[in-house]
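Got some structures for you, see below.
Look at the two complexes coming up: chain A is in both, with chain B in one and chain C in the other.
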Partner chain A sequence: MLGYVARRVAMAVPTIFAVATILFFIVRMVPGDPAVYLLGDMATPERVANLRAEMGLDKPLYQQYIDFMLGVLRGDFGRSFENGMPTMVRVLRAFPFTFELAVAGTLLSLLIGIPLGVAAAVRRGSKIDVLITSGTTIGVSIPVFWLALLLIEFFSVRLGLLPVTGLGNNPIERLRHLALPAFSLGIGMVATVARMTRSSMLGVLGKDYITAVRAKGAPWNVTVYKHGLRNAIIPVVTVVGLNFGYLLGGTVLVEYVFGRPGLGSLLIEAVFSRDYPQIQASVFFFSAVFMAVNIFVDILYSFLNPKIRYG
Partner chain B sequence: MDTLLSVRNLKTYFRVKRGILRAVDNVSFDIKRGEVFCLVGESGCGKSITALSIMRLVPYPGEIVGGEILFDGVDLLKLPEEEMEKIRGKRIGMIFQDPHTSLDPSYTVGWQVEEAILLHRMIKKVSKLAVNLLKKVGIPAAEKRYREYPHQLSGGLKQRAMIGIAISNSPELLIADEPTTALDVTIQAQIVDLMLKLREENGISILLITHDMGLVAEACDRLAVMYAGKIVEKGSVEEIFSEPLHPYTKALLRCVPRPDKDVEKLVSIPGTVPEFPPASGCRFADRCPMTRKECFETTPEEVNMGNGHRVACHLYG
Partner chain C sequence: MDGLIKMGEIKDYPSFLAGLIIVLAVVLTAMLAPLISPYDPIEQNMPHALQPPSAYHLLGTDPYGRDVLSRIIWGARVSLYVGLLSATIAMIVGVPFGALAGQLGGIADALLSRVIDIMLSFPGIILAIVVMSILGQSVDNTVLAISLAMIPRFARLARGEALQLSVQEYVQAAKASGAGNLDILVHHILPNILSPILVQYSLSIGSAIMIEAGLSFIGLGVQPPTPSWGEMLSLGRQYLYTAPWLSLFPGLAIMLTVLAFNLLGDGLRDMLDPRLKRV
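Up next, the complex of A and B:
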């Protein structure tokens, strides 16, 4: 098991370096000069040149790349052009808010999606099934930012039930502030989870061992949850795990709409101001988390599926 | 010997797009206590659906539309589902055709044996009982196998484990649906021996479903031959093997390869089982070498030929 984890981590190293390289060049392909942005359009060419030198942007591209990669190796992602703070520190400060949002969104999607999927599978072909299946189709197709605006309009503006922006300063307030963003973020995945659970469950319920369990005298609901869901959940976990990475990406929009601090807000701000080191640190961190989640899902998968654990 | 199970005029139909599929149509037979009763026939003749009907586990869109299944005098078809759950796995155990897919891959073998016990009995030292059961069905190193997952066991061992599960609550009836089909020939013999040993030791009745005439000759007391959802002939093994009456039974027996004779070609019955047989007339008529006019017109009634040997064919009407 430990060897397996070590192998997976080792395999991630080249990927991380590829990500860093692509990231470095993409950032520099975006039009716009950070020095001009910081100093404004009216700045003299000398001031711009001075600032560029200060930022290290006057060096040849290959030299900048080598400096950047050496920094990555040391864990040094440079300082923000914006306020001179170490970029990774800003990332690590922002991450808990994003993580909280992504976890809440995922939990919400599991909590709603799995029972919906099971209900649809068990009553296959019924009105409930049709309703859930078509409802989730709509769920998949709703753009996050649009849904977020609708939710704000309905729950905050009309009903006045939930706050729009901010974080809240006690646990209950914090949850209230989390509700709408988490829902906006999770709703797309509810659909994915429900459909995945349904199809996986249908496959499992048709298996011989389900009949065999019934032949042992197990009631239908015990069979459905203990044996049906237990086996059907394996592909769902994989999909949810992989989606968690995308969900982290999705936080960019949600955080922006709801004015929440977090990695997404930090990244958008950095892109607007062409804060190269900050963009690099943020995206690099996103990718690292994404890969870590994938490895974690694989490990979890092996716990759920004995064939992989012992295979 | 008194009767343990009496299936009377059982009808299990499947409502499919192209019409009603009469998978089991007016099937009747009795199984006595301590006897091995075989249901024989080609694939798709309704043997397995008969077995699942007894368990009331007919898959969708199938439905039992008529008849009685008297088990120890009680009609199983009239029981509420909760009562039926107390009979499944406790008084009637069942094993399936493919041991590779009949065990839940996510739980250990021991856990699944324990589940079978705990569904019907509250027992504290259930793990000891489970290991003993695995030993009883001849699984070597039972303590080790107890902790293993199904994929770590061979097909023969899995089928032994399935038998262990099926007999875990000492049922009166064991339904074995082609229990050896998916196994190697040498393992087949072992599994059959194991079932016969359980019959000897526990006096359990066995409903053995098979298409293997060799297995019938070896293991059964009485048998019924099924064709396209109907029983065409039934009687003791001696009677039917020495004097088969129905043209289908004769044809089936001719298909058994004879190692003592040097044959050029294996015998087969021309044609296939009709999926939607005509409502009236003999269902075997279009494949039968001895048809008469009436075979296509009226459904043959069952005729008693003595010694419990019954046949449904116009030749004997």
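Up next, the complex of A and C:
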């Protein structure tokens, strides 16, 4: 087990390295001189030269690359063009807000999606099943940012029930501020979770041991939830993990609509102000989180399902 | 694959049929835009700004007095152009590479698998955002950014399928009788992995349309005044309190179109894979 974990983590190292390399070169593909961009067209050549030296742009490319990668190892992606703060510090400050949103969205999707999937599987072929199954197809087709707008329009503008922007000062207010963003983000995942739960439950409910439990005289509810769902949950966990990347991508749009702080807002702001060090740090962090979650899911999967052998 | 699907059988696959009908409707709308659009989608008409839906403007007007229905009709062009083109490019680039890697195995496979892993370690829309920030905003750069984000999905799928096929006896037989790698790829591997690729293609058109809308919504995709559904929503966002119709209808158009390609993809999967046939 430990060997597997170590190997899985070791495999991610070259990928992380490659991601950093891509980020280094991609920013250098930008047409024009960042120093000129920062200072404006009217800047004197001396000032441009000074800034280029300060940013290390006057060094040969390989030296710039080595400096960059050494920085990456220390978690140092340079300073933001925007406000001179270390870019990683800004990322780490923004991350808890994105994490909170992603976790809330995931929990919501499980809370809604699993019961829907179970209901559909148990009454397979019934009207409820058809309704839930077609509902999930529609669910994955709704753009998160549109859903967010509709929710704002209904719950905030019309009913005045929930706030749109801000974060809230106390725990209850915080949850109220989180409600609409988390729901917008989670709804696409609800569909995925419900579909996976349905097909996984259908597989499990057809197994002999379920028949045996039934024959023993166990009530239907106990059969479904204790014996059925417990065995059907592994693929659901996996699919949630594998879709975490989409969820992270979704946070960008949701944070934008609600004006919430977070990694996504930071990235979009950096893109519009052409704050390249900030873009590099933000994207690097996104990828790192994404990879970490994938590794975690793999490990969890092998832990939950001892039948799987990793040779 | 020919002969597998008979026209009469299509009615047994309601989701495929529903998807097909909506897709055809959207395609027709896009093609006939100059004929059916009631107003010019770009020309401003300030005296008519922000009118709610009425007999003159069925879906209302925007802050510049432009007819929302007309802009949605023309917006179908952008969505379809970006969706079809980026999914096609991603397929054409991703599938041969993935299939060849799966077929050859060994170092080629190991290398390509790493490349796929690396590309997949960026969440799709984030990769697209970064590429747009480097290339600058235009319709064609949007296509490029989205296809880049979708190539690894096709490559991974094709690799997995080809890997399974490469150990099949008929492929081994072809190899033993002296067929070259390219020959095997073109004649034995590609034709047999067509079904899952086709399903993925349809689903990818839907997600490409979704990503384009997202990019344009943020302001990184198609630039105004070109009518695009995502850009219309970003305008609508500023008028949520006074003109909610601006946010409602373009989103509905995105949802319906994406839904149509998803239904088409799901339906194709059911049709082409008899094992999954729903009872």
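In this text, the second predicted complex is superposed on the first by the 272 of 311 C-alpha atoms of A that agree within 3 Å, B and C clash if a C-alpha of one lies under 4 Å from a C-alpha of the other, contacts with A are read in each partner's own complex, and residues count from 1 in each chain.
Going forward, contacts are C-beta pairs under 8 Å (C-beta built on N, C-alpha and C of every residue); 3 or more make two chains touch, one makes a residue touch a chain.
It should be emphasised that the depicted structure is a prediction, and the values quoted were computed from it without experimental measurement.
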So, after the overlay on chain A, do chain B and chain C clash or fit? They fit
Worksheet entry | chain B versus chain C as contact partner of A:115, first or second or both or neither | neither
Which partner does A:209 contact after superposing on A: first (chain B), second (chain C), both, neither? first
Per residue count on chain A, the busier partner among chain B and chain C is C
Check the residue A:71 against both partner chains and state whether it touches chain B (first), chain C (second), both, or neither.
neither
(request) With the two complexes superposed on chain A, say which partner A:261 touches: chain B (first), chain C (second), both, or neither. (result) neither
Under the stated touch criterion, which partner chain does A:287 make contact with: chain B (first), chain C (second), both, or neither? second
With the two complexes superposed on chain A, say which partner A:153 touches: chain B (first), chain C (second), both, or neither. second
Minimum Cα separation between chain B and chain C after superposition, in Å, equals 10
In the complex, the residues of chain A that touch chain C are 14-15, 18-19, 22, 26-27, 29-30, 125, 137-138, 140-146, 149-150, 152-153, 157, 245-246, 248-250, 252-253, 256-257, 267-268, 271-272, 274, 279, 283, 286-287, 290-291
The residues of chain A that touch chain B in their complex are 207-209, 211-220, 227, 230-231, 304-307, 310-311
The chain B residues in contact with chain A across the complex are 52, 55, 57, 59, 81-82, 85-90, 93-94, 96, 98, 101-107, 115-116, 119-120, 149, 151-152, 162, 165-166
As the complex stands, chain C meets chain A at residues 15, 114, 117-118, 120-126, 129-134, 206, 210, 213-214, 217-220, 233, 236-237, 240-241, 244, 247-248, 250-251, 254-255, 258-259, 262-263, 266, 279
